[in-house]
Amino acid sequence: MKIGVVISEGPYTHQAADSAYNFVKSAIAKGHEVPRVFFYHDGVNVSTRLSVPPQDERNIQINWTTLAKEHDIDLVVCIAAAQRRGLLDENEAKRQGKDANNIADGFRISGLGQLIEMGIQTDRLVTFGD
Amino acid sequence: MSVTKKFLYVNRKAPYGTIYALESLEVVLIGAAFEQDVSLAFLDDGVFQLTKGQDTKGIGVKNFSPTFRALGDYEVTKLYIEQESLDERGLTKDDLQEIVYEDEDDDWAEKPSIRVVNRAEMAAIMADQDVVLSF
Amino acid sequence: MSTLHTVNKSPFATDALLSCLNHCSDGDAVLMIEDGVYGALANSRISKAVQARAGSVTLLILGPDAQARGLNSDKCLSDVGRVDYDGFVDLVTQHDRTQAWL
Amino acid sequence: MSTLHTVNKSPFATDALLSCLNHCSDGDAVLMIEDGVYGALANSRISKAVQARAGSVTLLILGPDAQARGLNSDKCLSDVGRVDYDGFVDLVTQHDRTQAWL
Amino acid sequence: MSVTKKFLYVNRKAPYGTIYALESLEVVLIGAAFEQDVSLAFLDDGVFQLTKGQDTKGIGVKNFSPTFRALGDYEVTKLYIEQESLDERGLTKDDLQEIVYEDEDDDWAEKPSIRVVNRAEMAAIMADQDVVLSF
Amino acid sequence: MKIGVVISEGPYTHQAADSAYNFVKSAIAKGHEVPRVFFYHDGVNVSTRLSVPPQDERNIQINWTTLAKEHDIDLVVCIAAAQRRGLLDENEAKRQGKDANNIADGFRISGLGQLIEMGIQTDRLVTFGD
């Protein structure tokens, strides 16, 4: 089956991004397809490459980037939610006149339409949030 | 292939204290362009999103409650409010703002978008969806 | 010696207000802010629990937060007072400590 | 046609589990994850409300989350089953839709 | 001027679902260096932080519950747990891990750090502080 | 009186940073001193200069930077909480080998000791959180 996933809370602060990661790994191992994970609300904070968690803790951003590369998962960060919270890629930073960007490799910024499209095109949609 | 799915947006949180209500509305507005069969559910603290007389000048946060009245223009016309959630909060339908739409199948007659339902009806609406998005 | 308690969550969504009311001492003040202002609603599921403390504890809501949410005085318990941010500051200084119920 | 409901909040802190139990339909499954696993505790303030739905709804907790919190089977209601992440995935595919109670 | 204040750390949230319990503990550990009069309160879902047998391998999150047992080395020896909060959750003191400290005023005798109190006692402890930090 | 303030939730997502802002403005207008505001948990996210809120909304970071400059408020961002969440100043970015930084003018990164010190040195401490 095609399963779409929504993550709507920030990394480390809430367990949502960890639960989703474990869920997606299991889904793929069982032969399902997870074509896209959509990051909304504080979930967009997962995508920063500037995070430096303690050495004895998991690195949530790297976990996602790695999993996405291995299994061709489209990691979409909602642009409206990201702008409010200070998550920008290189293009957005230029467009907004900001002097830095912070989105990690493997994540792409796009619109809310990608969430609706995921709801239409997948067989199931699972939300991890607060 | 043109698929039409039943989308339900479930709103269970109060406005302003957290951003969920506002960002839920942003999804609904964008989602309207996809011509799916859209319903909104307001239960538990979600019913507070629709109260009338909201005035946010004193807290410096944007008042988004007028946006609900624009939903009809986006053909979002089914807003289900749970009676029991109103009751538990000491509210009645009269405490909610009026939201209407023009029914193109009925000579553009103005009709109410807010439909107060009881808990069992709300459960049945939830059980009748293809996609449920929770906020 | 008394405490100002702040509650910023809806009492219908979380246990913060009820826990606060169960732990505050006579002579304390409880200020409901942000989504906490819904604790002042009359005829609600929790209004009796709120009223039960009105004799011994000063119950207040932050006016600007109530106004933002359309909570007019006629919807609220008469036992609950209203202050603005200046009043909030006065409450902080008039009590010996502030405890947030998050 | 049936629904998988997920609840990720402690039932002692928020109203999510009770609201879910009030709205799920016969034949649905309710999976408690993250802090939601505390909903399986026996002899708690809310265990009767949970048990009351056991006949008509499949009640489950996510084992890894329960283990993380020290929630052994002997602390839990016997009406509540346990699945791992693979079981979570199966529940998602076996039901027609998933609804998160946040 | 050397000021000693009474600091109370109030813990009302469960571990792992959110980070508050862990980041509260980080404040307590740093705060210990300031030689204030420190107490910790565990009530409502905060009592879940102290349950024994926590094993987080299956969720990929760090298990920080052993850190509580190190608090005695930092001279943090007053951990107040509310009986009513345990009762409501079907827990007893036996479900909590053992936490002890060595009392330097009593020939380094090992003593329990966990002190189960009732709600009225918890309220009195809260009312007796200079600074209350909530998590 | 000296009033210390703690903000423990992120901007826009929770009202905490707005409530604290209104409170601090009133406290200062009434003649009190707010020597320090301490940002902890997701509160550290207030300090990003990369945020681009919609034009008809308040800019929470700029509000704080401006207020702090006018009234000499020490805006302290907890380093441990900031590292987890990807908030870095120039020095931290260098030290951690990161290619960008995102802390706004007026905020400084420091340790949790600054929170305890604020508790000791102020007459009252007020927390705005989740």
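Order as written gives the chain letters A, B, C, D, E and F; numbering starts at 1 within each chain.
Note that a residue touches a chain if its C-beta (ideal position, glycine included) is under 8 Å from a C-beta of that chain, and two chains touch if they have at least 3 such contacts.
Only a predicted model underlies this, so the values are computations on that prediction, with no experimental measurement involved.
Shared contact partners of chain D and chain E, listed by label: A, C.
Shared contacts of chain C and chain D, meaning chains that touch the two of them, come down to B, E. The greatest centre-to-centre gap from chain C, using C-alpha centroids, is found for A. Between the chain pairs B-C and A-E, more C-beta pairs are in contact across B-C.
Distance from chain F peaks, on a Cα-centroid basis, for D.
Distance from the chain B centre to the chain D centre is 27 Å, each centre being the mean of its Cα atoms.
In this assembly, the C-alpha centroid of chain A lies 26 Å from the C-alpha centroid of chain D.
For this pair, chain D with chain F, the centres built from the Cα atoms lie 38 Å apart. Contact of a single residue of chain D with at least two other chains is seen at positions 8, 12-13, 15, 34-35, 64-65, 84, 97-98, 100, 102. Across the assembly, chain F contributes 12-13, 15, 19, 22, 41, 57, 80, 125, 127, 129 as residues in contact with two or more other chains. Each of residues 16-20, 44, 59, 61, 130-132, 134 in chain E touches at least two other chains. Chain pairs that touch, as defined above: A-B, A-D, A-E, A-F, B-C, B-D, B-F, C-D, C-E, C-F, D-E, E-F.
Contact residues on chain C toward chain D in their complex (touch as defined above): 12-15. Every residue of chain C that touches chain E in the complex is listed here, in rising order: 1-3, 15-16, 19, 22-25, 28, 97-102.
On chain E, the positions that touch chain F within their shared complex are 3, 5, 7, 19-20, 23, 26-27, 30-31, 33-34, 36, 130-134. Interface of chain B with chain F (complex): residues 16-19, 59-62. Interface residues of chain A, counted against chain B in their complex, comprise 6, 40-41, 80-81, 111-113, 115-117, 119-120, 125, 127, 129.
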